[in-house]
Structure formats: C-alpha cells, structure tokens
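Beneath this line is the structure, given in structure tokens, with notes to follow.
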C-alpha cells in the first residue's frame, strides 16, 4: 500500500471529476479499491518456487519489503489495473500471467484504524483484491524500489522477512502461500 | 445496483469528508466498492434449492428483478456491508449465513459505458464483490421492493426471469448458480 | 485421516464390488477420495471465532488433535460425505452448514511417501477436498474421540496445538484460517 | 470422461496392487479421482479469448466434443496429472500454464446413475477436479482425437456446441466460462 505516487494522471478530466483535493477528501470518505499482486515464479507443473518482493525505503527511512500494490482507477478493469501495477513495479518485460478468473484468493481490507482487520493503512480505507501472478520474464524494480528479491516460499514466510513487511502485507503473503499450498 | 437511497448517513462527519456533492463527484472519478448478495435457500446438505429475487419498479416504471446489492461504506467491513444490505432488503429476521471467507465467487465490474464488461451501471463505475448467502429466517421485502420471490435455480436462470434483470445481474445470478453447481 | 473404521458398510454389495481385501488393495493402487472439514463457530457477520478440534489417542498411545475427515463412498455425493463425517464425529445435532458450493478452499494430497507434498498418510494415497464448515448446534465427540475442544483461531494456529496434529492436518488448519482471514 | 486407454502403466507393480480386473472392480466400488482441464487462450490481460475443444468419435460412431480429462494415478500429484493429460491430448508443445493453486473452480461428480448430479459417466463414479488452463504453445490433437477446435467463449456456450458434449461436460464448460467472467 505504498503507491503514494499513484495519483490520477488521466489525460482528460471531464467537468465534475475530483480534483487532487477531492481525491484526498475521498480517501477520508470512501473505501478505495486496490489490487495486491504476489509475483511468483512457477515450475513446469505450476508449483510456486519463488516469490518476488520489492525492497523499498519508507518515508521514515526504514527498509521494508512489499508486494505489488496499487489503486484501481476510474473506468479501469481490475485485470488492467493488475497489469499496470505489475509493469509499474517490475518493468515492461516481466511477462505476467494475469489469472483468467476475477475471483481473488482473498480480499484484504486495510483500515485506517489499526485492529479492525489484520491490515492497516494509516492514509485511508483501502479494500484490495489479492491475486497470485506468475511472471516469466525479466523483472527489474522500477521507480522507488531499490531491489526485487526472489525468495523461496519458506524464506518469504520466515519471521525475518515478515517483520520487514508493513500494514499486514506479511500476512497477505502467507495467505497467498497457503492458497498455493506452499505455506511452511 | 439500485441503492440510490444508500447515501452516507454517518452520524458525524469529520472535516475534510465528502459532502453529498463530493460523493456525486466521486461517482464520476473513482470506482465505488459494492457487494452483491445472492440470497438462497439450501437443504440439509447445503444444496441450493431456492433463489430469492427482489421485485422492484424502476424509475421508468418497468418491473424488474434484482439481487441484494449496495455500497460498502467508509470504515465498514465487507461482511458487515453484506449483512447491512441483506437486512435492509430482506428484513431483520432473514438470518443470513454470511460466508466465513472473504473470497467472493466473482467480482462484477459495473461500468458506466456499456460493453466494457458484461455489467453496466449508467450512474457510476462500481466494482462489486459477489457472494452466495444462505438465509434461513423469515424474509420480507423492505423499502422500495414490492415483493421477494423464491424461485428454483432453473426458474431463476430461465430466459423469462433473466430479461427482467438489469445491468448484468442476470448474468451474475447465473454465475452464482454455476458456482454452486446448480446452473441448468 | 483417521477413519480406520470407515470401511464400506453398504447394505447390499453387487457382484463385482470390492471385498475388504479389494479395498485394501485399492489403497495401494489408487488415490482415494476424502473430505476434510474444519468445524468452526462464527459470529453474526460470519467471522470465525472458534475452531473445533477432536482429541484422539493414536494406536501408538499418543494424544493427537484432528479435523473431521473421512472417505467419500461409492455413489455418495461430496456434500453428503461431508455431512456424514461431521455427524459421525460431532454427533447428530451439530447442525452443520455445509457450503453451497462444491469448490473446496484447497485440495490436500496425502501421500504414503513423506515429502512429496506437505501431507502424509502412511496407509494410502488420499486426496482430500477441504472445506470450512460452520456448526451451530450442540457438538459431542463420538466414537473414538475423547473430546472436542473449541479453540480460537490464534490458539489453533499456535505451535503448541500444531505439534499435536498429524499428517499435515496442522498445515491444513492454518490454510483454512488463512482462507477465512483469521490466520494470526 | 473418455480416457478408456488410460489404464495404469506403472513400470513396477508391488505385490498387492490391483490387477486390471481389480481396477475394473474398483470402478464399481470406489469413486475414482479425475481432473478436467478447460484449455483456453488468453490475451495480455488474462482475459479468455478462446476455448479449445477436442473432437472425437464415440464408440457408437457419434461425433462429440470434449474437454481434456483423465484419471489421477496412484502416487501422482493432481498438478502432474493435469500436465500429463494436457500433454496426452494437446501434444508436447502446448505449453500449459497449470494454475499455481490446487483450488479447482468446481468439482464435477460424474455418477453412473443419471440424475443424481448434472454429470454422468455410465462406466463409473468419477469425481473430477476442474481447472481452467491457459495454453500458449502449439496444440495438436493426439491419439483418438480427430481435431482440436478453438472457439470463442460465446461459441463454446452456444446450443449447437453444447449438444455435442457428453456427460455434463457442456455444463462444466459453461461453469468454467462463468468462473472466468466470459459466460454469454
């Protein structure tokens, strides 16, 4: 949930659309729709063998690991938002295999108040559709990410990695591994 | 997608929250998060034997059948929104069994532009998490609904009923029946 | 995976059916179809608040905790097998809410050889469809179970409980909690 | 459900394993575990644009269309069975993307008695885990299949194609299209 740069850049804005201030107000008034993608490497039989985590520095200067995550825009399909955010974070030749079904493996509800759900985003109430997305191409961290690390499912679920993830994304990652049958 | 009366009635509105005009603008700028519930009767082994459809009159005076549907509010959990809308439409003693999992059977993307997806809502871009919800109590249509009819899965999927459903909810109903193994 | 008493007791056995010896041979030749049920208590909004675990003594005299589990019989529907095994283990008034959909939350593949998958059954290759099943009635352990304990999701996923579960059922339980959004 | 040639060809058969006659008896005594795969072509955003159907001649000389389907063998993982049957039916360079999750989109219960479920297999009680599998390579029908036809989701769900499918596979195909949001 770190796409602070993910403000709308619609080429044209019909009258009545929200201004940036309007978006900021919407963040305090409406749940915002997000997608979370867990990028994975799979073997020939589809078994997950690696999980890709972005390494970022938070505004407070702390190193953290993150999933691919971002907002769904107005008039954008969920699958197109998935593709856009994967490309934004992993580069243009990651070759993601967006799942054919819109059924997410779970729905993560990030609340501005901690403790309502296991997910937390101090900026907003975001509801995120979460998908496991195999990527077969060359992945390179973009923009604000320092690195992209490929971990085994076991490493990704380890305490050491979990503590580096924020807002409940560590849990979401473990839920993804549970879903694909690779939770240790 | 007929909850036009579903405007926010938060008891207190912190400064910076959206006004009704702001919500209207948000409807033209952001995808809004909805839930769709397909109310069903099940037998002892969980097999769906009936589907509940609301009978409504559209603003244009046309009779239509509808699922339980409505917006997720700020700081409301998806499962609480489901419960609230079921109570709003089926009454306080419907005794719904909200599924333990947040995983919806599908995600219906209602676009203001027809044809982008099979779902359409001229008022807004709404993304709806869809659930099959068994109800065991006494269901009575509330508010603007004229009637609640219990149909067999076969009847609910029939051409005659499908043409009375709007915005792609007929398809969503058939997807629900496919999910529970009761599509004819 | 402890239904050793779960041999077929069909009232009539047409010629050509397997004898008990035949079933034993089948166990070494074919994957057997099982169901696993995770019995849960839910609150009004469907959120899981308790998990039911059976307490048993293994043939080796070790205390162990187990899910409801058993074989699907010839000419038996999966949902009827679920119902039968829940009644067999939790008694006749457990009032289970078998899910309307046949889609399991996962498929657990118990191999006779350890390490092929995270699940293991030394007796056989069993493939189990796993479901979370809310129960609302009075549950009493039957037959060979000493007790039925209701734990919180957090307790059920704790190391202390996990080590008392065999064959990978501890993992399966944690997968169930991940699926319902209640994994700690 | 047409893998009559799919008898076990294990390189070694430990004592106590079922003979071919034993397998035949098992078919009358136990539910057999199957997989069904719906081969699809997807576009860059994962949306299904084509469905692959095998054209076969039944033993009675009738043309029929079929999904990829077959038995799970002893000591074989479900995902390996999926891969084996896809390769068997579509050839060695179909490049299937077996889903990372073992969660099927539905479970099809083929009963020897018609009418118990919508699926029917006169030879046996088969319980099949059904998956949608994108294929990206060159698909060529193998063995007993005359042809492999790529249809649009709309064509695949049309009455004309549905009547050429047997045992409920037409329904299973429509369930797959419902799952991926492409049912007409």
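Just so it is clear, A, B, C and D label the chains in written order, and each chain counts residues from 1 on its own.
Everything that follows uses one rule, which is that a contact is a pair of C-beta atoms (placed from the backbone, for glycine too) under 8 Å apart; a residue touches a chain by one contact, two chains touch by 3 or more.
Quick caveat: nothing in here was measured; it's all calculated off a predicted structure.
Traced through touching neighbours, the fewest hops from chain C to chain D number 1. The chain pair B-D and the chain pair A-D differ in C-beta contact count, and the higher one is A-D.
Residue numbering at the chain A/chain B interface overlaps substantially, since over half of the positions present are found in both copies. Work out the mean CA point of chain A and of chain D, and you get 34 Å between them. In this assembly, the C-alpha centroid of chain A lies 27 Å from the C-alpha centroid of chain B. Among the residues of chain C, those in touch with two or more other chains are 77, 101-103, 105-106, 117, 179, 181.
Residue ranges of chain A in contact with chain B, taken from their complex: 8, 14, 16-18, 22-26, 28-33, 72-78, 101-107, 109, 111-113, 116-117, 125, 127, 129. Residue ranges of chain D in contact with chain B, taken from their complex: 106, 117-118, 171, 174-175, 178-179, 181, 183.
Interface residues of chain B, counted against chain C in their complex, comprise 40, 42, 44-48, 77, 79-80, 82-83, 97-103, 105, 132, 134, 179-181.
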